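Two complexes follow with chain A in common, the first pairing it with chain B and the second with chain C.
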Partner chain A sequence: MKKIIITLTSILTLLCSQVFAQSAEEKGLDIIEKSIALDNGFVDSTVVGKMILKDKSGNESIRSFKNFIFEELDETLGDKSIIVFTEPRDVKGTSLLTHANIEPKDDDQWLYLPALKRVKRISSSNRTGKFVSSEFSYEDLSTDEPEDYNFLWLEEINCPADQSLQCHVIEATPKNKKSGYSKRVIYIDVFELRYQTVKFHNRRGDLEKELNFKSYQKYLDKFWRADILEMKNLQTGKSTNITWENYEFQTNLSINDFNPEKLAKMAR
Partner chain B sequence: MYSFKMSNFFPKLAELVIKRRIFFILIGFVIAFTLMAGAPNIKFDTDARVFFDENNPDRIALENFEGEYSKDDNLAFVISPKNGDIFTPKNLNAIGILTEKAWLLPYVRTVYSLTNYQNSYADGDSLIVEDLITDIENISEEDANYAEEVANSRIELKNAFINSDNSISQVNILFRLPGKDAIVEIPYVMNEVEILKKEFEGQFPGIELRMVGFVPLNNQYSVSGQDDTAKLTPMMILVTLIAVAIILRTIFGVGLIFIIIILCAGSSVGALGWSGTNINNATVVAPLMVMTLAVASAVHILSSIRQTMTITPDRNEWVRRAIVDHGPAITVACLTTAIGFLSLNFSISPPFRQLGNIVFVGVIAALFYTLTMLPALISLLPLKKQNQKATMDKSMSYLAEFVIRRKNSLLAFTAALIAILVFGISKISLEDDFLRYFGPEYELRQSIDYYEDNFAGLNALEYSVNSGKENGVNDPEYLMKVESLVNFLRSQPNISSVRSYTDVVKRLNQNLNEDDESFYKVPNSELEAAQYLFLYELSLGYGLDLTDQINVDKSALRVTANVSKTTTKGFLELDKKVQSWFDENAPELSTKSTGTSQVFSKISSRDVPAMLKGTGLALIGISFIILLVIRNIKYGLMSLIPNLLPAAMAFGLWGYFTGSVTLAVSIVVAMTLGIVVDDSVHFMLKYAKARKEGKSPEDSVRQAFEKVGMALTTTTIGLFLGFCVLAQSGFAVNKDMAQLTAITVVFALVVDYLLLPPVLIWIDNLKLKRKTS
Partner chain C sequence: MTNFFFILLCLLFISSYSKAELYSEHYGEIELSSTIFLMDIEGDNRKNFLNSTKVEYNYLFEIDNLTGKLKINVKESYPESRQNLDFNEAYLDYSLENSNILIGNNIVFWGKNEFFNPVDIVNSKDFSLGLASGEKIGQTMFNIKRYLSSSELDFYILPSIANIYPKSQVRSQQTLNIKSENTYSEGAKKENLGIGLRWSGYIDEYDYGLTFYKGNTKDPALNISSNQLVPNYSEITQIGIELQATQGDFLHKGEFINRSNQYNLDGNIDDYYGFIVGTEHTLYGLFEKNWDLSNIIEYSYDSRGSKSHHSNQNDLFYGARLVLNDIDDTQYFISLQNDLDKGTRAITFSYESRFYSHFKGGIDLYVPLNLEKDYHQSSFKDENNIKIFSSYAF
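Right after this comes the complex of A and B.
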């Protein structure tokens, strides 16, 4: 009798593991990891960003900036980036240097203020705060670090923003309680594993924002970049669009350029 | 005495009602039930702003302001630890937990509290902007002491997030209500808030938790409206029926009256439902008013029946006499009342217009039912014949004799009384503190009083100070002027706290200069100011931003001054001081105040002139009816005295005893005019009739007292009791209105009995003397 049960159990276990070779959690993580891995090796990039903030009644305000990114090869560290603002005029030259870290360690950030002609280290525990009053938070703009989330693959459907594409739907639940979201639902197209849409659910669990990635282009025959990011706050009716122009890759930036002491120079 | 048509109309109506009694009963019910079918559509409004018309200039200004910054749909949890010290690790932990949980409420826009206060400071060459309590789960004694030190050194926190002795704090939750259906949204929010409150109280028994703010206040509008209905309706029915039972001494009659008042009130509410308007705190008393007014009409018919039944057993004759003898009087009474209420349409406040229209429908319904359905029911149903004569008639002749005997002293006495009373009007002040429209029996009101007694002001003066150019808020010269405005406001004793971005920019200037206190001032250059602002916006925590402090194109700053324990007058005077500050110091920045408190503080002074117009027109309309009925210019003009004086006397009495009056003040005269006019019309009519028959002025007065004295007394008592019931409302506007009306009704009777007869005798004797000489 005992033998039979053991045999049965082992057969069942074997069956299960074959049918569900991959759990939904594993599948979700796998896709995200692959998607991120596709971007490895870009070395560095520069791009000009223009952010258009719109309120409910259509009033617009514009932030323009140049973005430098340096790929960090060390797995335990995040990428380094500099944002140099060019618009509005009264903040021209204001620059933000970020050394990303893996959670729970906060990123290191420095700010250069031309009016003070000084670099200040700033606290960055507020990753959930709004980025220059836009609908993007720092959290939204940084690359997903798989270690920070629990992923769950849900289904495969037509992509919400582009019905001609098929998308994986993956739910990402942050491990960090301080996150501004209870979860995000990520739509990644099955062919190129590019982020197509992200739906942000606020701490309460209500759908708050929706981000669509548009006009993907391939650079260096390998790296996909969306030229347009459209973020809409469904609760306030406000929106922020970012358009990226003049992407350049492997521009011979050095890690020294991302040193706080160099920030004033980079800001020019 | 009535026009030819009128004198024919009522006998014809009587015959018709007797012949077609079944038809009239049925049609009465059909009309009533058709109207009542609209009642289920009615919902309770949950918005203090129902009192403001869409085109109220103050409301428009407020909504523009809110469009530029934000609408303060807020709820503040007031936290009072029993140990009297906010700054203990445990209490700070509680505040932190409440702050975090508050984020999970529906429609939350932002949560502000002591623990998530964005504390900025310099640390070597670093600038830190972080929550005052960075880790709420691990608060040491040192953390608590540090928080205490910081909080007490920040002017923007004192009297805003901690009170003067650090014993009370608050968590202020700002909501972004979708505004699609406030009737659903607000109770939905409040429901979750109550759950959170219970949970918190269970977890932290050492802390008292209270709630104030616009969301609970708006919710209160629906709650207390429903309370009023639930409390006042049975009271009104009971009081009415008991009064009727005493007057008429017939249970059967009480039953009939019950049917009639329910149908009248139901018809009026139903009409409101069909019109698609929500019911609100002010209109909730309308059906009860209709009941009171309908009783007066119905009692006339029933008392007539009682009198006739002692003479003849012929049921049809009872009905005939009731309609023919009392139909004209009831018609006049209802029409004048209806006109008075219709004139409320001149009010700038929508609930009063709705109130006027609901009561108008109810009174017209009352006229119809009492002249058709009620007599039809009497003629059909087995009403027991009674031979006992109703009392009170005797006391009326005593009164008549007294008035005639003492006419000269009465004239002097009442004239003096009136003069003294009317002088009291000067003591009346308009008082519209919308926070205190609700009686002290409500928990919210207790919390509001507690908050203002122990913490800070809830009424707020709001200013949007415009620099005149885009990004102008970074101009140091402009910032310095706003700063001195803020300083001026802070120097006012009634102002508990002021909120302005200038505090932030000064703090940042200090932080960016290694926390050197000499830099706690407006930055020197526009670029510095702009970049500090930019830096600050980059650094703010979850859900926090400056959109409710700085407008979109950064051309204007908001300055909010909380005013504690003030009267409407004091509030407006404070604003006047601010305006003269602008004139003297920064005329180019001058801006009018706004805010919910401001809109309420102006509403009475806006409605009074509007309603004066309405009251004037009502007076003309009612006078026209009086003239039509009395057909004598002299008596018609004289009837104005007893019609206008009672309200003036009531206001005067109010001035001596209470002093302050809410928005209700504007509508009382128009409302009561139509009600009290009946008394004098009836009295004058009987008097004029007797005079025409050749009787002396004295005998005519006697006859008038005998004929209508009892009816007037009973209706006045009925109305007085009815409005006394309404005065039990927990809503100040209703309470004031009902009390003033109750007093007015009594004064009307006093004037009709004690002043009018001596005046009539005096004038007519004067004429007689002149004729003889």
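Right after this comes the complex of A and C.
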């Protein structure tokens, strides 16, 4: 009798562990969803960005801009954002409005050209295009939506950019065939679920770029934001660093501020 | 005098709002250019060069819901030896929750296409640096803007402002000088108040605009009188439609107008309709580099044919823009305009790039081909020119 009870208990334990164990895919998706969910509720934000572009010879060029983001609560829609350039001075006021959409629908984008006082709708189907000649593509700058990728949890190791932290290593394979990448390998720290490093593999599978997030700050006691983003193209030697300053949240931006008709006004 | 009062108004508002938090900034650009014409004009003494200096200064302030902007353009050129001071933008703009009220001088763009915008009618032009180099002049206006959910409705009251033509024989020019005094007929008056209306917005991947304008035309007839050309303005009514469909890498665009009471090429009043349609497509990552190549093809038509007052009456345009996406923002543009009535053509080429952080430089080339056969552009048949420019932004 005792043997039967022990045997039955063992079988039940084994069955339960089979039922409730996460697969590597599920674990990867779960971590990404939790990381994204931690950012829910910021409502809107504004920040000043300074982008330093370096070519392989070490020549530098600087782009400065303001970034406005409006959190879209409707889960069938993506967030809305406006980037207004302030430097170089000859492009001051040039602005890009993006209405992010869920895959497979392309984002809607409009460009404001201050010299002509013209708002022009542009094509956004090229996700691989470089954002203002930097090493960041438009795809790199868009928000990760869990539905857009297949995720696979790989392992837990020391974070490459900060060895004092432990990171989940998750492989993300884009579902969109127009993506510029075959996969991304994402390092997310275990405790705060913040992106620490992303490694980008091109369509041939070669490691092309590496992005490190540094100097995280916590805002409103909830929202983590990295002050520094360092993107390095490992194949060409070029790099782009973005420094974020003056983060502000819940600044009473309205969804109407993110319409193309208001772009000229937001660009001032 | 009008501009002086606007500046005074700005200062009065600033002083009355002095207790509120004021945000202000100023910025601008200085441009030096030299244009060399490669062929002499037979029979007259026009110079084969044009050197010009342009300074643009912008001052912007914001206090609560009130914004003021002052944009001054100063131009000096030789051999025109004309100093132009233009308050391109000098306005006060007050924001309400879903509306805006703007009073003052402003520049407005209507349209969707690239080579020619028949619906774009609010601003007059300054041709003092040559008839091929028209730049928009600030238009005095009272503008109410109402924001709707995905569209905007604009209403304008527009006092009449005439074009500015070159005083001396600056190239590119007509054979005769253009008189600086204007004449008005067919309902037009110097003190006319024009009305403009535009409803614009987007539905999914479609952008649209519906426009209406009634007031003095921006395209006067040039009548011969005492061996000079005299601008003669009529009062026109124009209805316009603009559309763009964005589909993947393609942008399909069109503008359509119906205009009444406009003088045609013969100096007769002639109602007409016209349009321009076209497509823009971009290839990304050319030759596995970061280069983007945009190809634009457009076709324009005017129901008056050879009697059209402008040169885009039955024309095919092709343009290609190559953007290198380098840290200097280098780009090249080449275009070809082909008049299908007479088979005449004109080619342009431009290059520009940034050097150091605040300087930009470039070259523009204009090459007319067999324009002597063109109804509208025969005066420009020998106007091959190359322009070199550099600018500093501060």
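Please note the rule applied: the second predicted complex is superposed on the first by the 249 of 268 C-alpha atoms of A that agree within 3 Å, B and C clash if a C-alpha of one lies under 4 Å from a C-alpha of the other, contacts with A are read in each partner's own complex, and residues count from 1 in each chain.
By definition in this document, a residue touches a chain if its C-beta (ideal position, glycine included) is under 8 Å from a C-beta of that chain, and two chains touch if they have at least 3 such contacts.
Everything numeric in this text was worked out from a predicted model, so none of it was measured.
Asks: For the combined arrangement obtained by superposing on chain A, do chain B and chain C clash, or do they fit?
Replies: Verdict on chain A: clash between chain B and chain C.
Asks: For A:N256, select first, second, both or neither according to whether it touches chain B, chain C, the two together, or no partner.
Replies: In the superposition, A:N256 touches chain C alone.
Asks: Which partner chains sit in contact with A:Q235 here, chain B, chain C, both or neither? Use first/second/both/neither.
Replies: Touch status of A:Q235: first partner only.
Asks: I'd like to know which partner A:D108 touches here: chain B for first, chain C for second, both or neither.
Replies: second
Asks: Touch check for A:I122: first (chain B), second (chain C), both, or neither?
Replies: After superposition on chain A, A:I122 lies in contact with both partners, chain B and chain C.
Asks: Pick one for A:S133: touches chain B only (first), chain C only (second), both, or neither.
Replies: both
Asks: Looking at A:K34 after the superposition, I want to know if it touches chain B, chain C, both of them or none. Which is it: first, second, both, neither?
Replies: Once the two structures are laid over each other on A, A:K34 reaches no partner at all.
Asks: Which partner chains sit in contact with A:L96 here, chain B, chain C, both or neither? Use first/second/both/neither.
Replies: After superposing on A, A:L96 lies in contact with chain B but is clear of chain C.
Asks: Figure out whether A:K218 sits in contact with chain B (first) or chain C (second), or with both, or with neither.
Replies: Once the two structures are laid over each other on A, A:K218 reaches no partner at all.
Asks: If we overlay the two complexes on their shared chain A, which of chain B and chain C does A:D55 touch? Say first, second, both or neither.
Replies: both
Asks: Report which listed segment of chain C has C-alpha atoms clashing with chain B; options: 113-121, 131-139, 167-175 or 221-229.
Replies: Residues of chain C that clash with chain B lie in 113-121.
Asks: Would you please give the residues of chain A that touch chain B in one complex and also touch chain C in the other complex?
Replies: 55, 59, 61, 88, 90-91, 116, 119, 121-123, 125-126, 128-130, 133
Asks: Where on chain C is chain A touching in the complex?
Replies: Per the touch definition, chain C meets chain A at residues 27, 29, 60, 62, 67, 69, 95, 98, 100, 107-109, 111, 147, 150-152, 200-202, 205, 207, 244, 246, 248-251, 282, 284-285, 290, 292, 325-329, 354, 357-358, 360, 391, 393-394.
Asks: Taking the touch rule as given, give the residues of chain B at its contact with chain A in the complex, in rising order.
Replies: Within the complex, chain B contacts chain A at residues 67, 103-108, 125-130, 134, 176, 471, 474, 512, 525-528, 530-532, 534-535, 537-547, 552-553.
Asks: If you look only at chain A, which of its residues touch chain C in the complex?
Replies: Listed in rising order, the residues are 53, 55, 59-62, 88-92, 106, 108, 116-119, 121-123, 125-126, 128-130, 133, 256, 259-262, 265, 268.
Asks: Given the complex with chain B, which residues does chain A contribute to the contact?
Replies: 55, 57, 59, 61, 85, 88, 90-91, 94, 96, 111, 113-116, 119-123, 125-126, 128-133, 137, 178, 180, 203-204, 206, 235-236
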